[in-house]
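Listed next: structures, encoded as structure tokens.
Shared chain: subunit A. Partners: subunit B in the first complex, subunit C in the second.
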Partner chain A sequence: MTAPGAGPPDALASAIAPGEAAAAASRATRFADAARPALADTRLRRTLGAAVAAERDRAAAAAAEPADWEELREAGRALRDAALLDLDTHLESLERAVTGAGGTVHWAADAAEARRIVVGLVRATGARDVLQAPSATVREAGLPGALARAGVTVRPAGLGDLIVGLGEEAPSHLSSPALHRDRAQVRELFLRGLPGAPADLSDDPADLAGAARAHLRDRFTGARVAVTGAAFLAADTGTAVLTESGGEGRMCLTLPGTLITVAGIDKVVPSWTDLEVLLQLLPRASSGDRMTPYVSAWTGVHPGDGPREFHLVLLDNGRTRALADEVGRAALRCIRCSACLNVCPVYERTGGGPYGPVLPGPVGAMLTPQLRGVESAANASLPFASTLCGACADVCPVKIDIPAILVHLRGTVVESRRARPVPTPELVLMRGLAWTMGDARRYRLAVRRGTRWARLLSRGGRIRRLPGLLGKWTDARDVPAPPARSFRDWQGRR
Partner chain B sequence: MRVALFVACYDDAWFPDTGKAVTMLLERLGHEVVHPPGQTCCGQFHWTTGYRREAADLARAFTRVFAGADAVVAPSASCAAAVRGGYPAIARTVRDPALASAAGALAVYELTEFLVDVLDVTDVGAYYPHRVAYHPTCQSARALGVAGRPERLLRAVRGLELVDLPAAGECCGFGGAFAMKNADVSVAMVADKIRHIRDTGADVVCAVDNSCLAHIGGALSRLRGGVRVAHLAEILAGTGPA
Partner chain C sequence: MSSRDEILRRVRDALGGDRGTAPPVPRGYARRLTAAEAATRADVLALFTERVAENRATVRHVAADEVGTAVAAALWGREAKQIVVPADLPFGWLAELEGVRALADPPVLDAETLAASDAVVTGCAAAVALTGTVVLDGGRAQGRRALTLVPDYHLCVVHADQIAGTVPEVVARLDPARPLTWISGPSATRDVESVRAPGPHGPRHLEILVVED
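Now for the complex of A and B:
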């Protein structure tokens, strides 16, 4: 659930914000169990399905537009790989450049250290509240909870975060946290919890946006400290880059006096010119835009313009460990575009909640177990939360072979359990199956016996109920009764 | 041509008609079909479930059984993909260069690839008077990239009406162990797949993987959906009035 050294889980649980509590609670359970409430909620399924399909269609159209899209993807893959290959060097140049521009760099080995650093920085300003731009990394580090525990009010600056905050739930999507809520639900949430929401508020999108804007404007003008994430960090210039459609991030980095940016060490790219490629890939793959409405880039501090203090907190939190894995490290190429979420049939039906607080969708399924280890049953279940259909790999703008990494991680999970004194039932079953399949005679005998049993279990040519683990299949699907003679029996008698 | 047929373990026990159909089809086209004894399972299920060592053992056995074959044909795209794309990964993982080179020496084809690319036929002389929907399974469409080959073969079948399946490229929710490890999500996915199949008014839904068809067919059977599933090979083997 948390990184090593993050403190006892219950102490943390009591300190984290409602949205994170929901996410943390869901991580205590395996993906299959955490997914159940979402699957049972037909309204959620309908909203999520329609929203995801719309995102998917927009992104597909945007990817079809440039003639050199495949070359761009290849360039993106290559430069992300180059960035990760010499990450230590790039991080050092980044630190030099940021410091040279008047900023301060902090290194956080894990989420707990990031929390200590950020809480310390906020306390030093004396501010009682902070503005928080939407950021998966900020959530990953558990910052909203830590700040709340320190007596600091965290005010989400993004509309999506505002909505999920009012609903006391976890964000369901990387770029659209409230994707799973329909207009009527947003109206209800606003009427119930948004200060100043007019009593005659309609569920017209313009009306809803107006109410949110009026509320958020006060937040922006009064804020002294802001916390943001970053999409990329250019090592040569020391520049942080943020892409967004709402403009709330830009507000965060222009109005407050102190700006704290929390970013994973994997966000570094060697050079400012690398952004030429990445800023073509990201918006198209993400929301289907040729360019996001806002792209902000900031470098250190500038007298008379923007924040007077800039702090960059660089978070490891398992990234170095992921980097050491020769297959799994490709997951760190991810540029958080959410293209894989929008095409994943599993994500489309469960939303982001069951994936936990780090990242939702296929990218979460492959990155979370690497960052947090596969010791817990919840994290170990994530690589299996995929049919390996490959739709994600088809659209990934930096060409991460997500199914291959998931298979690799499944192997990691199985290997980690082999050493247990009492083997898992699954290991016994799979070993037995492999032993049987390992020899043609044993295999043939097993098929004959299995066929006989299966035919005994069948009624009218179909099996409606199987015992044990196989019962999971027959809960909703029939199995045809196998024919009396196998193919090889037929073939042998020809 | 002498063709070595690989019949997947579940096809052998559960869907023997598919292997028979491939044998009769290829013989009708004038080729010799052999079924190398000793074949069992390609190891795909173990590999994709994380059981590397077991998968490697089965992969080594597979390469021994099929070594030296001119062409290995599998009426299962996921097994063909496991051998072609999976074995090199298995070999890398268990650090077995001998397995990598043995796998690399195998010429493994999914049935429609073999018909269209190697034998260069699209009209196999079949007759099948039904309304048919084709479901492109993920392993055939994505891992192997069989693209339009199955549809080209189906369009040449006399009497067959091929209908467009909405959201055809979306996974049916089978995914091997996924169907049991995440049974609820799997069922939610197949429910949508079935809705799309019913919308077409098809009598039969076909594919080149019996595993996915067992999932789709199992749900159709539970719902008494009135639509049958059939492996593409069984359609191509069908004959009747010319």
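Now for the complex of A and C:
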């Protein structure tokens, strides 16, 4: 991925781009098809199941501790809505404040523009490599791949990103990208691809983290540019906030001379003091910590401390499309805590891959179709990747009713297909049923004939396989044979 | 039309008549510790101590005239040979220290020097009892942010009167125009199997000295 003459190819640094390619490939398929390999991988299911169960238990305990948790959630919901319903005002205020503090604000209408801006900024510094802190928005914009294509080596600063980079795969979790890998797999990846990994490396997570530390810290002194995301942007003061456990964010914020932060326009909160709510909700819902080990807040540039240049890239990339939907806009309240992933029975079994490259889990099923539209079969399949059990809505720290939004989006998908020249099989079936059921005589006739055929198909009172397209229904279950006489028939003769 | 104007136009179009209709934020959450948690000042200190320990940091209480001895003992215990400190660290904190090379910043130390140092000693701007957090804002005795990031051991001196009860209280105390670092325990990662392990960057050991008046 490095340009000719940029020295030997760096497997670690360039590995991010194949991950992106893997994500793009999985996006091309519908959720149910993309999920099959993951469902067939028992090792992945065991690892992921145990890991999300641990995350879930910690978050549940952390949320149960404060007596005012429900009041905090209510305040979080309201102040995220307040940010969204005045978003233009807040964005202008944010721009003024950041600029006043010595930063530069860039606006990117879509991912391509964000890539252009960031590649241009990095080129202007002359740097050949950049540090990259873990960020879903940086990935969403496709920045690692774009920088690699521009001949810039991208060095993931986080342990999770390092692991998925070595495995050349897409991240599977919002806050812990490599959660689907077990310790033995991580050890193998390190022995194969991590320069300087000791030959007697054990599979103890502490040893693995230690080997990664030795490798990552070797590299930080050279970096002149860092790319990060942000958890929140306070509109009144222009303060950006980043929460993390491992220190990779702090490293990006303090050591290189140029800092480029890419954030969605939805990351704005009205006021610095609103962080008194969000900094209680996010750590507990996300990692189950009372406070994330490191929370950094910075406002523009701070002479004598940290970067001399600060660029804030504000990304739309479909967010205003989501904002236009009165029901769907609640999805933009999301603070990316990943609590919904950790309780989701679907995510727990499939992992993040099938959800495509934007966001995994219930939040991805909800946000991706809104950001990218439902024209592609892959995105249109996401609202259906849910059992609607409601566990995600119960834990959401900003009270997003995810199942309600998914149902709303299912309606959007169906509506978007109504106008197609060739109707979907589902639509044909529904129209046929509407015609049949719209008339008592037709209905009676259909029930009588249907019953006769169904009883012919049954063996021992059960139908094991329905014919044609209906056969999908019986892939995983039997259908009881209908009784010889319908209720209407029986009642009509009394 | 610039992308800036385009995005702002899209936002206004998207919101339509809903723009500016957000109801006031209900703020029924606790701003202070409950009467039971904060019956006396000692209870707040005890809560802070307990929560710092639960964050897997070491915490000790010392009297004001014991800080120098406690700092020296902690650094000797770590077998520190070279440490970094902010140039405006109170003189008395290192007064008892012998046989340890202390480098002051500024003048700005490069990253290699920071990495070659065994420890960093700082004060803090504020602390939160409920979460066991110390907050550094680059003010007196705290130095620039890289100082407390690169060395593997961070010794942080907290004065009892710097400890606030809750997150809202400490947010009200802080100046967001300053670079802020909230530290709640040593660097950690749960990237492998969700098992907690020492993190890839940042001090893997955090020790807090609470100075009681």
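The rule is simple: the second predicted complex is superposed on the first by the 452 of 494 C-alpha atoms of A that agree within 3 Å, B and C clash if a C-alpha of one lies under 4 Å from a C-alpha of the other, contacts with A are read in each partner's own complex, and residues count from 1 in each chain.
Quick note on the criterion: a contact is a pair of C-beta atoms (placed from the backbone, for glycine too) under 8 Å apart; a residue touches a chain by one contact, two chains touch by 3 or more.
Given the structure is predicted, the values throughout are model-derived calculations rather than measurements.
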item	value
Subunit B versus subunit C as contact partner of A:R455, first or second or both or neither	neither
Which of subunit B and subunit C A:L253 touches, first, second, both or neither	second
Subunit A residues touched - subunit C or subunit B, whichever exceeds	C
Which superposed partner A:A206 touches (first subunit B, second subunit C, both, neither)	second
A:T350 touches, of subunit B and subunit C: first, second, both or neither?	first
On subunit A, positions contacted by subunit B and by subunit C	none
Touch list for subunit B against partner subunit A, complex	7, 9, 11-14, 16-20, 23, 35, 37-41, 43, 45-52, 54-55, 57-58, 61, 89, 93, 138, 142-143, 169-171, 173-190, 214-215, 217-219, 221-222
Footprint of subunit A on subunit C - complex, ascending	2-4, 6-8, 10-15, 18-30, 34, 51, 54-55, 106, 110-112, 115, 128, 130-133, 138, 144-146, 149, 167-168, 171-172, 176-202
Partner subunit C, residues of subunit A touching it in the complex	47, 50-52, 54-55, 66-68, 71-72, 74-75, 78-79, 81-82, 84-89, 91-92, 95, 101, 107-109, 113, 157-160, 162-163, 176-179, 181-183, 186, 205-206, 208-210, 212-213, 216-217, 220-221, 234, 237, 239, 245-248, 250-251, 253-255, 265, 272-277, 279-280, 287, 289-299, 302, 304-306, 314, 316, 320-321, 323-324, 326, 329
Residues on subunit A engaged by subunit B in the complex (per definition of touch)	31-32, 35-36, 39, 45, 345-346, 349-350, 381, 383-391, 393-394, 404, 407-408, 410-415, 427, 430-431, 433-434, 437-440, 443, 447, 450-451, 462, 464, 469-470, 472-473, 475-480, 482-483, 485-491
